[in-house]
Each structure stands twice: as structure tokens, then as C-alpha cells.
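There are structures below to look over.
Both complexes below contain subunit A, partnered by subunit B and then by subunit C.
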Partner chain A sequence: MSSQPDKITDHSSRYRVPVTDSRLWWLKNRRYLSFMLRELSVLGVAIFLVVYLVQFAVLTSGQENYNQFLNFMKNPFWIAANVIFLAFAVLHSITWFNLVPVVTPVKIKGKEISRFILWGMGLIFWAGVSVIIAGIIMTFS
Partner chain B sequence: MAKGEITLKISRYIPGKHQEAFLKEYKVPTSEGMMVLDALNYVREELDPSLAFRWSCRMGICGSCGMSVDGKPSLTCQDLINDHNDDNALIIAPLSNFPVIRDLVVDLTDFMEKLKKVKAWIIRDEDIPLSDGEHVQTPSQLMAFRNHSGCINCMLCYSACPIYGLDTKFIGPAAIALAYRYNLDNRDQGEKIRQPILSSPEGVWDCTFVGECTEVCPHGVMPAEAIQRLKLQFAKDMAFKTLMPWTKR
Partner chain C sequence: MKLEPLLWGIFSAGGTIAAFVLPIHIFLNNVAPQLGWISADVVSYNTMANLLSHQLVKIYIICTFIMMFYYAVHRFSFVPQELLFNISHKTTARVGQVLLSIFAVATLIIVIAAP
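Let's turn to the complex of A and B:
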């Protein structure tokens, strides 16, 4: 009997190349990149919320402090940061509405509503709510 | 490109003979309608009989000939050479994420084990005797699971999945899609039996919804959709169990 290892069943001789073989695997195609941007967008939204909460806290500490805060936020760094936060928030919202019809199919009288219609309804709902909130803020500011 | 020549850069690795995989070039004459698999068969028949790769039906049914073509998972019998004529060269490698046995042949044992784990077959509490006739199924009951029954186990979805690339414990797209297919089948009664493995950390919750599995599927099966719908279902079940423990769900 030969003592040579059986090459067919000798798993130690096998190699494996994962699709995530480099730190930049997410640049391999457009969809990997879009996934990473979608996940990253949470960070922008979260930082914006922290800044917003700080703004609330400052508001309770008096008019003078609040005006100082507003002046501080007018510097180019924070204006640029807010543009980036907004871009992240829009990206996050759009990609979220893109996923909704995939995850939650809606049936009416046993027939599934088209994904395109569901997606469109989501975006219209989002735009509608945004306009109402903007209207309330602009009316009372 | 009607007639011409293409260079195939094929990943070669023979255990015991090669220390590691390397790309070997072969010049292959091309013709109209030629598939990547046809080019590989030309190499094996005319240039190098030692090249190992799997194939069988040449009709996109058997799922044997999945490989990585220019870095993208591809069912090579359905992949036209003409679609890749940018620089008249193709890099052909084994599917990513799987251990390589030799050249372009990968080891699929892990998937086969997972398919058994999720019990991707019809489970009945009690079998209906043959004398009672067939299980009746309406067209709408068939349509409920038809998409997910199109899976041919070609493994392109596993090869495209970065989660499986990072952690092979993940049950993965095809096995989950097939388990979901049986959950949706009105003849099946095994949903509760499959739930523990599907709702485990290695089950649907490992998925971060990259969605590439659905994109690369040659049969239009949507594993990403199946996984997200199962997540929603498990989350709802958990919420009901927590908030209303007296209800039976």
C-alpha cells in the first residue's frame, strides 16, 4: 500500500480565494460600492443627529449661547459638513425606499402590487412628509 | 468579433505538481456565438488535455460550469465570448470563496452540507397515501414559490457573496432561497423545523443585503429577497412572542 496522501481527498492542498481578498474588495463592482456607500451613509446621518441634539441642548441655555452656536455653525467647515450630511441622508433614504418593495410585498385581492408602483408610492410619501415638515418649520420660524 | 482569436489566461493548479495557482495563456480561435465553455473545451481537446473543469449540459440547466470570468461569477456555457472582447483576453479562474480541488474545479461539500441542514425538501407531518391521489396545487400556489425553485445550485451566488467570503459559516444565498421555496410550498409542513437553523446567527441574520447574489443568478432567482423576507417574518414572530406570549404563532 502506498503511503502517499490521496490528492483528491487531501484538503490541506486546497487553496481558497475569497471575493473579499483585499481591503478594497468593495471597489470590485458598482453594486459592492453602492452597498458600502449605503452602509456608510448611516454614519453621516448619525453625526448630523448628534449635532442636532447639541443644538437643542444649547437652545435651552439661553438666547446668547444659541446665537453664538448659530454663528459658529456658519463657518465654511460646518456648512460643507452639513452638505455632506444632507447627501448621506438623501442617499440613505433613497436606498431605503429602493429596498422596501423587495422586503415587503403588498398584495391587493391576492395580486402583488408592482414593485415600481410601491417604490414610487414610498418616494411620494417621503417627499410629502418632507414638504409638510418644511412647511411647519418655515411657518413657525 | 465574428472570427478571430482570443487569449484565455486560465488559472492552473494541480496539487502535488504546483506549489500555487498561476495563470497560463492559451490562444483559441473564435467563431460567432462561441461561449466561454466552448473555448475551454477547445483548450482541453486541442491544446492541453490536463486542464480540469466541470461541465455537463451546455444549456444553463445543470449548473456545473460556474467559474470566474474576468473576476465575475459566470455560468460559462451561457457566457458569450463576444460579450468580453475589450482586449481580446479573458482571465478564467475558479469560483471565488470555494476551496479549489484542481485548476477550475471547486469543492462544493460545504454547500451540500448546508442544503441538508436547512432541509430543502418537502416535509410532511403525515404522508398522504398514494391512493388518495396527488397533492393539488393551484397556479397561484405554484407562483408563490416558483422563482426560488429555479435554483440550479451553480454557486454563482455564493461566489459573489462578500459575507460568505468573510465567514463560511454563513448558510448562504442558495440554501436559504431553497429553504424559503419549501416554506412557501402549500404541500410542505416543515417551516417550524427549518426555522431554528434559518433564524440562527449563521442564518439570515448574517446577511447584510449586498444583493449581488440576486444580480449574478443566471436563472433570475432572488435569494436576497428570500433572505430579507425571512428576516422580516422572524422579527415579526419574535415581536409577537414577546408582546403577546399567550398567542400561538
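Let's turn to the complex of A and C:
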């Protein structure tokens, strides 16, 4: 009687909202999977920020506690977690800069700047900001 | 809702900040020194205390951390619905607001109190 609508297999329209009963709909194609991974990647962002705050708090409590905290952060579990967070952060950066030219196209003298150039500029700014931050932190160490 | 565009605007700003600064911070603080790729001095007590003694650094941390946390919370507030759990977005958004408020207050206290 109840024929299950299997609209998720129809990719003719790129922006169709999938209608499905399956909680695992995002495993059905790479586009959905990439979307869901990016959605879930913010867990890494939140955990990183909270742990960094804890690091600042421990810093205030004195050098001995802080060194203990640093040792704790060296255990393989945390390193593995942080490598994953880093991979997700990089994925976020790249896909975010892919998105920027689409959301905010730039026109100069009525001519639209190519998305490829805007994307490249995003990556160059990203590299520049990273170098500046690394430079500042290295200067203090 | 008139608030909706503003919320997505902050989300977008937070996402942009995260795209620019998050990878380098994770790399320099949590990955490279621990794996021995760079000197552990980068995360040492003296380095951190020196950095945090600067008002500009404190302002930078407070602004970027709260914006990035907002980005994370706002994005995650839609995940339960996307995974077809029977929770309204009103509820998850409210939970997110509470978490964000706690995080923001904690950030202000911890960063201002830092040496």
C-alpha cells in the first residue's frame, strides 16, 4: 500500500531538499556526505574552543598546573582528536572560500570577477592571515 | 522573524573568522608542538603568559572565540532536525543560546583574569 517515495535518488535538481525516512540519508551520495561532515565538524570547533579556554584558565592557576595540562594534551587520544579537528578545520576553510564567490559575487565596472579569481584570493588571504598569526606567536616564544 | 537575518549574519561572520584563523591555531597549539614538528616553546607557560598580557590579544581572543562558538552552535542547532529527530528547532536553538551565554561569560572571565 504505502509506496516509499525514493526521491533521494533523483539528483536532477541540485538544490532539492531530500525527502526521506532514513536517518542515514546523508550516506547516499558524496554531496550529502560532505554536507553532513561539515555540519558535524562544528563539534570539533566547539571542543577545541572549550579546551583552549581551559588552557587559559589553567595558565592563570600557575606554571605547575599549566605544565601538567601540557603533558595531558600530549596523550595519543588528544593528539588524534586534534589532528581530526585540524583536518575538519581545513575542510571548512577550503569549502568556505569555495562558497564566498557564489554568495558575494564582486563586480568591477559592471564586469563580474571570475569565481576562480575570488576563490584564489580567499586562499591567499587565508595563507597570509595564517602566516601573520604564526609570526606573532613565534615572536613571543 | 526580523531577527533571522541578523542571526545568519553573525553565523556567516563566525564561519569566516573560523575559516581564516582556526586551522593555524589548532596546528600551532594542539598538533605541531605535541608531535615535535616545532619547538614546545610555542605553547610554553612564558609564551602564553606573555601573549595574554597584551590587551589586543585579549580582545582578539574574546571576539574570535565568541564568534566562532556562535557559528558552531548555530550550525549544530539544525543537526537534530537533519537527522530526523523529533525535536523542534525552537528547542535546539534555545539550548544553543544557553550554551553560547555560558561560553561567552566564561570567555570574558577567563581571558580578562589571565595573567
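Everything below uses one rule, namely that the second predicted complex is superposed on the first by the 122 of 141 C-alpha atoms of A that agree within 3 Å, B and C clash if a C-alpha of one lies under 4 Å from a C-alpha of the other, contacts with A are read in each partner's own complex, and residues count from 1 in each chain.
Methods note: a contact is a pair of C-beta atoms (placed from the backbone, for glycine too) under 8 Å apart; a residue touches a chain by one contact, two chains touch by 3 or more.
These figures come from a predicted structure and were not determined experimentally.
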I'd like to know which partner A:Ser114 touches here: subunit B for first, subunit C for second, both or neither. neither
Applying the document's definition of touching, compare subunit B and subunit C: which contacts more of subunit A? C
Between subunit B (first) and subunit C (second), which does A:Gln68 come into contact with in this model arrangement: first, second, both, or neither? neither
Contact-wise, after the overlay, does A:Lys28 reach subunit B, subunit C, both or neither (first, second, both, neither)? first
Per the contact definition in the header, classify A:Leu49: touching subunit B only (first), subunit C only (second), both, or neither. second
After superposition on the shared chain, which partner residues are touched by A:Glu39: those of subunit B (first), subunit C (second), both, or neither? both
Once chain A of both complexes is superposed, is A:Val129 in touch with subunit B (first), subunit C (second), both, or neither? second
According to the stated criteria, A:Leu86 is in contact with first (subunit B), second (subunit C), both, or neither; which is it? second
What is the shared patch of subunit A, the residues that subunit B and subunit C both contact? 20-21, 26, 39
Per the touch rule, the subunit A residues reaching subunit C in their complex are 20-21, 23, 26, 36, 39-40, 42-43, 45-46, 48-53, 55-57, 59-60, 63, 66-67, 70, 73-74, 78-79, 82-83, 85-86, 89-90, 92-93, 96-97, 100, 125-126, 129-130, 133-134, 136-138, 140-141
For the complex, which residues does subunit A have touching subunit B? 7-8, 10-11, 13-21, 25-26, 28-29, 31-32, 35, 39, 99, 102-105, 110
In the complex formed with subunit A, which residues of subunit C make contact? 15-16, 18-31, 34-35, 39-45, 47-52, 61, 65, 68-69, 71-73, 75-76, 78-79, 82-84, 103, 106-107, 110-111, 113-115
What part of subunit B is in contact with subunit A in the complex they form? 13, 15-16, 20-21, 71-72, 93-94, 96-101, 107, 140, 159-162, 165-166, 208-212, 215, 222, 224-225, 228-229, 231-232
